[in-house]
Amino acid sequence: MIEKKLAVKEIVLNALKEDIGAGDLTTESLSIADKEGFAEVVAKEDLIVAGIPIAKMAFSEVDPGLGCEILIEDGAAAKKGDAILVVKGRVNSILTSERVVLNFLMRLSGIATLTNRYVEAIKGTKSKVVDTRKTTPCLRILEKYAVRLGGGFNHRFGLDSGVLIKNNHIAAIGSLKEAVCRVRTNVPHTVKVEVEVRSLDDAKHAVEVGVDLILMDNMSLEEMAQVVDYCDWELLTEASGNVTLENIRHIAELGVNYISVGRITHSSGSKDLALYLR
Amino acid sequence: MIEKKLAVKEIVLNALKEDIGAGDLTTESLSIADKEGFAEVVAKEDLIVAGIPIAKMAFSEVDPGLGCEILIEDGAAAKKGDAILVVKGRVNSILTSERVVLNFLMRLSGIATLTNRYVEAIKGTKSKVVDTRKTTPCLRILEKYAVRLGGGFNHRFGLDSGVLIKNNHIAAIGSLKEAVCRVRTNVPHTVKVEVEVRSLDDAKHAVEVGVDLILMDNMSLEEMAQVVDYCDWELLTEASGNVTLENIRHIAELGVNYISVGRITHSSGSKDLALYLR
Amino acid sequence: MIEKKLAVKEIVLNALKEDIGAGDLTTESLSIADKEGFAEVVAKEDLIVAGIPIAKMAFSEVDPGLGCEILIEDGAAAKKGDAILVVKGRVNSILTSERVVLNFLMRLSGIATLTNRYVEAIKGTKSKVVDTRKTTPCLRILEKYAVRLGGGFNHRFGLDSGVLIKNNHIAAIGSLKEAVCRVRTNVPHTVKVEVEVRSLDDAKHAVEVGVDLILMDNMSLEEMAQVVDYCDWELLTEASGNVTLENIRHIAELGVNYISVGRITHSSGSKDLALYLR
Amino acid sequence: MIEKKLAVKEIVLNALKEDIGAGDLTTESLSIADKEGFAEVVAKEDLIVAGIPIAKMAFSEVDPGLGCEILIEDGAAAKKGDAILVVKGRVNSILTSERVVLNFLMRLSGIATLTNRYVEAIKGTKSKVVDTRKTTPCLRILEKYAVRLGGGFNHRFGLDSGVLIKNNHIAAIGSLKEAVCRVRTNVPHTVKVEVEVRSLDDAKHAVEVGVDLILMDNMSLEEMAQVVDYCDWELLTEASGNVTLENIRHIAELGVNYISVGRITHSSGSKDLALYLR
Amino acid sequence: MIEKKLAVKEIVLNALKEDIGAGDLTTESLSIADKEGFAEVVAKEDLIVAGIPIAKMAFSEVDPGLGCEILIEDGAAAKKGDAILVVKGRVNSILTSERVVLNFLMRLSGIATLTNRYVEAIKGTKSKVVDTRKTTPCLRILEKYAVRLGGGFNHRFGLDSGVLIKNNHIAAIGSLKEAVCRVRTNVPHTVKVEVEVRSLDDAKHAVEVGVDLILMDNMSLEEMAQVVDYCDWELLTEASGNVTLENIRHIAELGVNYISVGRITHSSGSKDLALYLR
Amino acid sequence: MIEKKLAVKEIVLNALKEDIGAGDLTTESLSIADKEGFAEVVAKEDLIVAGIPIAKMAFSEVDPGLGCEILIEDGAAAKKGDAILVVKGRVNSILTSERVVLNFLMRLSGIATLTNRYVEAIKGTKSKVVDTRKTTPCLRILEKYAVRLGGGFNHRFGLDSGVLIKNNHIAAIGSLKEAVCRVRTNVPHTVKVEVEVRSLDDAKHAVEVGVDLILMDNMSLEEMAQVVDYCDWELLTEASGNVTLENIRHIAELGVNYISVGRITHSSGSKDLALYLR
């Protein structure tokens, strides 16, 4: 995580500025400048913890004098009622940080927890759960981190770190084959080429011209089975589109390598956590 | 909306930088620099549209030559299959913008749509649905805008634009009365003072020392009824905590003025939208 | 003050970049890289000290090795000739920081000192001196802090943290009543509504439609007396416009709650301070 | 002015963000999104106009649809009651921009006007009025522009664009001669070397080791006369310290080349201007 | 290029701020505010043109009124004496922009021209010239663009867009095989894995555990021949280390797929261009 | 150096963000989070060291836990094979920092080393080697620092810190004399005026109207000799244009004060350095 702190720090600072703005009117008006104390962050429902380093960073940016003791680390499970961390120091600094810290923890734990449910649903199969670029604008680096904490894997980070030829790209060129050929010619050789297919025929065309990954987009189980069979682990396959907790195991059992699930980031919702001054 | 564009533009630029980084490898490799075309953004489920000006801004930052025709405006309902906007111009610019535009629309429409369900659920009562500070870090200005599009109302924007004395503040001082008195003495006279109460007694103490708003935190319907009755529209009341689509009408019928609902922002999930090149 | 440091740090960094730019040609050319020493910041006229934390921050950003001893704290009075703080460390770092530190202290002490004269002028009355938004662009957070140090109180911070319906707003709508009604309907319930009146009739209209604060704009003492009498402490009143050290006591004795004075920020001038290497 | 717009635009954007923050609650609540109109900016006292391009930039950043007609240009005199500019377009955009525009105009016109009084006071002499680095933190580029509009001249912009060896530098080295020698050896040859002297002897030492400019710091008229006589226009002289409207002509008549006046920037106060919706 | 403009614009603005700072003293002092004219940018030696869109952006940021006519496009060859572009508009804006525009063009044309010499040197072979991460800090996006203009290809953009297991990574783990295995397990499936080898044995180990690309680091022609033979176009090979114009053809004739050349970016030097006012 | 850290830190952060982006895929995938170790930065050819404080800053921004021991300081000579610094701490942090650290050191050492060769070439003469504004966009502050390390001197930093009237300025006005006169009238008195001449006549005109420095642009040795003779150390002279290691001594022996050499920054190339994990 350490190497990402440059981008992450900017996110945390922006979030603090957004909430604090010209100052915390309530806490400042309490006139408790030097009062020291401590508070616990508590899980109010079962969840996979995600965001502890962000919480520490936020507390520390508001007041370098705040110190945290971590009781449950990122990626571990917390039960309803468990204290996750204890923060000590000036009470007014704790109160001013509270909402931003919780907002990060709630959202990231929501993602880690939902991802984990998908991962558990395909336990024992050879498939892996991967994320998409359907993340919250400006928070992708954190959300992809939360996916990993939940046991998922990351797809490419952004448009500059991988090629995925989608239906719109194919439509723009008019032919899957031609689209793949153009991309292969122009793209750095260090980059894998993945292409979205909608049928076995598409997949065959893709294989002919040479791709590294086949993404099966919104295909039926039967159609996917054919493609997986055709690729036969020579070529990696990825299933995508309308994957749910109900159908993911069926997909995994087809032998696809990766199953990408948009909703682990775009619709995970938040897990409930609270901060209590002790 | 116009007056907010300084902060909003920064969010949109950050989101584009996050996704595009050093360049869109796929689209650039297609070698279609001058090809012109158009695409539609289509609702894939029923929703309240939110984020159109953000979409326009994103398209325009990627390529000032892109032009949008809006078919369904922000705040209006779209049915599954409806086209919401048409964007015309260089195809590669449209494709590079696609994901960021959709990510904004999906999240904001999710908030507007869920807010609207809460608003509909209390139709005919005098209560209003309001949001909280449980928003996505860095996106609050947009999410509070989406709440308004859904028919909800905004609570204070941040810590600097209103006072809300919560249980942690009271715990830090040791007494609700003392906390309120300190705040009233120090805070700008232009600012309203709201206090969280957990019982009728709390509310009575609050009224004695003088507050502008009473927030009933996680109280039962019976307890809230007593407080509302006691305040009798002389003092504005707000219900908060575990408000759901199931219980919101019961709360509204007590005659509370405001009902704040955290999940309209923290757990609304995204609505499904797609962009199709035509 | 601690919770505001995110915005304040940006101001201090901008000020240092502005003055230092590509480097302090004079001090660097002296070739005294390792020489240690100390310097005093001295008041060259009587003043209320304001800006000590800013001075410390500026010294520390230029060189984390500089240490400050504070002799007179923010908000206290200094006599001509008093040393206010002592800074120790590398001499070249002290010299490079000098001008920026003094520029902040001079301006903020000017504001605190002038504010204090207005506050003293109405001592014994129930009125409070408040500031306006007529502050130096980009320095509002610091100038409002200096007002508090001088014994004054803050009006709303900016356009997003309070409502003040001014004559131009009323002119845009055509009627005070209609303007107030529209605003009350649309504005968050956590926000107070203040309206500018120019006559007793205006004030009566405002009361009818319901406002939280009455601002009497450029009215005569006689007219203000009528409005204050009419509001009778049920509604808070604020006097504004051409308030001077000569007339402020007369206004205060009318019983108005707040007297806003633009010149404590827009025309306070600077107090003279100097830094002497010892 | 045009070449400076990169730095200036950042100042204007920061000022707008400071005042508008999350949005203009009052104007937005008026629900006048499409109403068009115009307003005048009017001088409420006699002044030298300064800041017109800044005002235009601020209006335009809030709403590119606002258009300005300039009635009195920067540097020209306006009489009390004169309209200086007319702005047309959406009324809500005009109202949201009002305070920031006026704050810039008031401060800059204050500087230009006061500078002009000093310039007028020495009319007919060969001396020039110059500014100092005692400017408002973060606004120096604008304040030095205002000085020029008032007929004054600029001293060096910052620490990186000229050398001024002050008493503290000399104290750090222990000898004026040694300080000057070190600086001359190390500083770029494109940079002038100026040194603060406090006596004729100091000036003689400075001349011996070779400087480009002599700054006479807080010296009596008699002492300055000796130095000016000694330098005899071979070396440029500058008077500094406690220059007032009362004594500046006496100084000028000594034949000094430059008279630097800190208070034209640090204590000019603001000139009164207002915006009226028509 | 269009999709990269967000990052590129920041570079151009930073470069302009760096050079212009508080203003162009020389040009402003010429008092030629409204004088219009035009200038040519001329090649003073043979070169491949690179940086035209950057030049246009810089002119336009300094003054939106400047217009450019492009005579020789990016990627085309210019002969000594050829005019490359003509810029028209305010003369002072042209003069203020001159140095920044030329600095970009000189450096980028240097890279494109040197790259082109390497590309020409292996004409007729199947190898491609690729760049490295040995680029100028903060200018990578531009320098990799210049490489493409010279006929070269890009290696990965940065640490986040590809995997290259180098000798230091292997040293940290202790074994090439173990290093590759760990990386393959943890890295997104969309990312290619490349590994540095120093012998045929290394290459064999790499193939066993499965990699996508083999980088031959500072190996002799004989050793490289063995590896290329072993990989037999089943696996892509890349030669790296001390590639010069003298030896590159020998390397290419071995049949390696890619030859990476650090000096096309880190030691290309600048090509000479000048701007002449006409 | 200390006083420059505000601008320098931004450059270092930008360079790290550019290279690391969303994270170092390779190093993170090695799963060596807590492994500690050390590495040496080694010169792979003879060079003058430049950039040590930048290297330390980069290591420290990536991981504050990394510590450096400096073996050869900035400005000293290193022989091929010499270790320059040792860095200790988490191995993954060292590996993530490697490329950015080396890129800075390679470029800056290239400049210091080449500058030093020019300085050595004129040893024993009275001339000084100075740099130009032909620096890498965004890195000027560092490159001018490297010039000083190599024994060179700096010309003005940018357009705002000195006047140089070049041929294009003269062309815009039509006469050298008129151009100089205008500039002298308008420019701050703290700024030196330098003018480009192309003949002895030009120089004579310049002297008549009064300038501080004469820059001889692309003149022959004979012509320069005449100008130097004419100025006779009363006026400082600077030679510029096509200065090479071959001809610089001939120029110096004419007795010119300064010789500006563009290629020490624009075409110095990089020196080879490497980091080895031990």
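To keep things simple, chains are lettered A, B, C, D, E and F as they appear, and every chain counts its residues starting from 1.
Everything below uses one rule, namely that a contact is a pair of C-beta atoms (placed from the backbone, for glycine too) under 8 Å apart; a residue touches a chain by one contact, two chains touch by 3 or more.
It should be emphasised that the depicted structure is a prediction, and the values quoted were computed from it without experimental measurement.
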Chain-contact steps, minimal, separating chain F from chain D: 1
Shared chain contacts [chain C and chain E, defined touch]: A, B, D, F
Numbering shared by both copies at the chain E-chain D contact, with half separating same from different: different
Inter-centroid spacing, chain D versus chain C (mean Cα positions, whole Å): 22
Distance from chain E to chain A - Cα centre to Cα centre, in angstrom: 33
Inter-chain centre distance, chain A versus chain C - centres from mean C-alpha coordinates, in Å: 44
Sites on chain D at which at least two other chains make contact: 3, 20-24, 27-28, 92, 96, 140-141, 157-162, 164, 188, 191
Residue numbers on chain B that touch chain C, as the complex places them: 3, 128, 130, 153-157, 159-162, 164, 188-192, 194, 212-213, 236, 238, 257-258
Chain D to chain E touching residues, read off their complex: 2-4, 6-7, 140-141, 144, 157-158, 161
In the complex, chain C residues that touch chain D: 11, 14-15, 18-32, 35, 37, 39, 91-92, 95-96, 98-100, 102-104, 106-107, 110, 133-141, 157-166, 168-169, 171-173, 179, 182-183, 185-188, 191, 263, 266-270, 275-277
Chain C-facing residues of chain A, complex: 13, 16-17, 20-24, 27-28, 61-63, 90, 92-93, 96
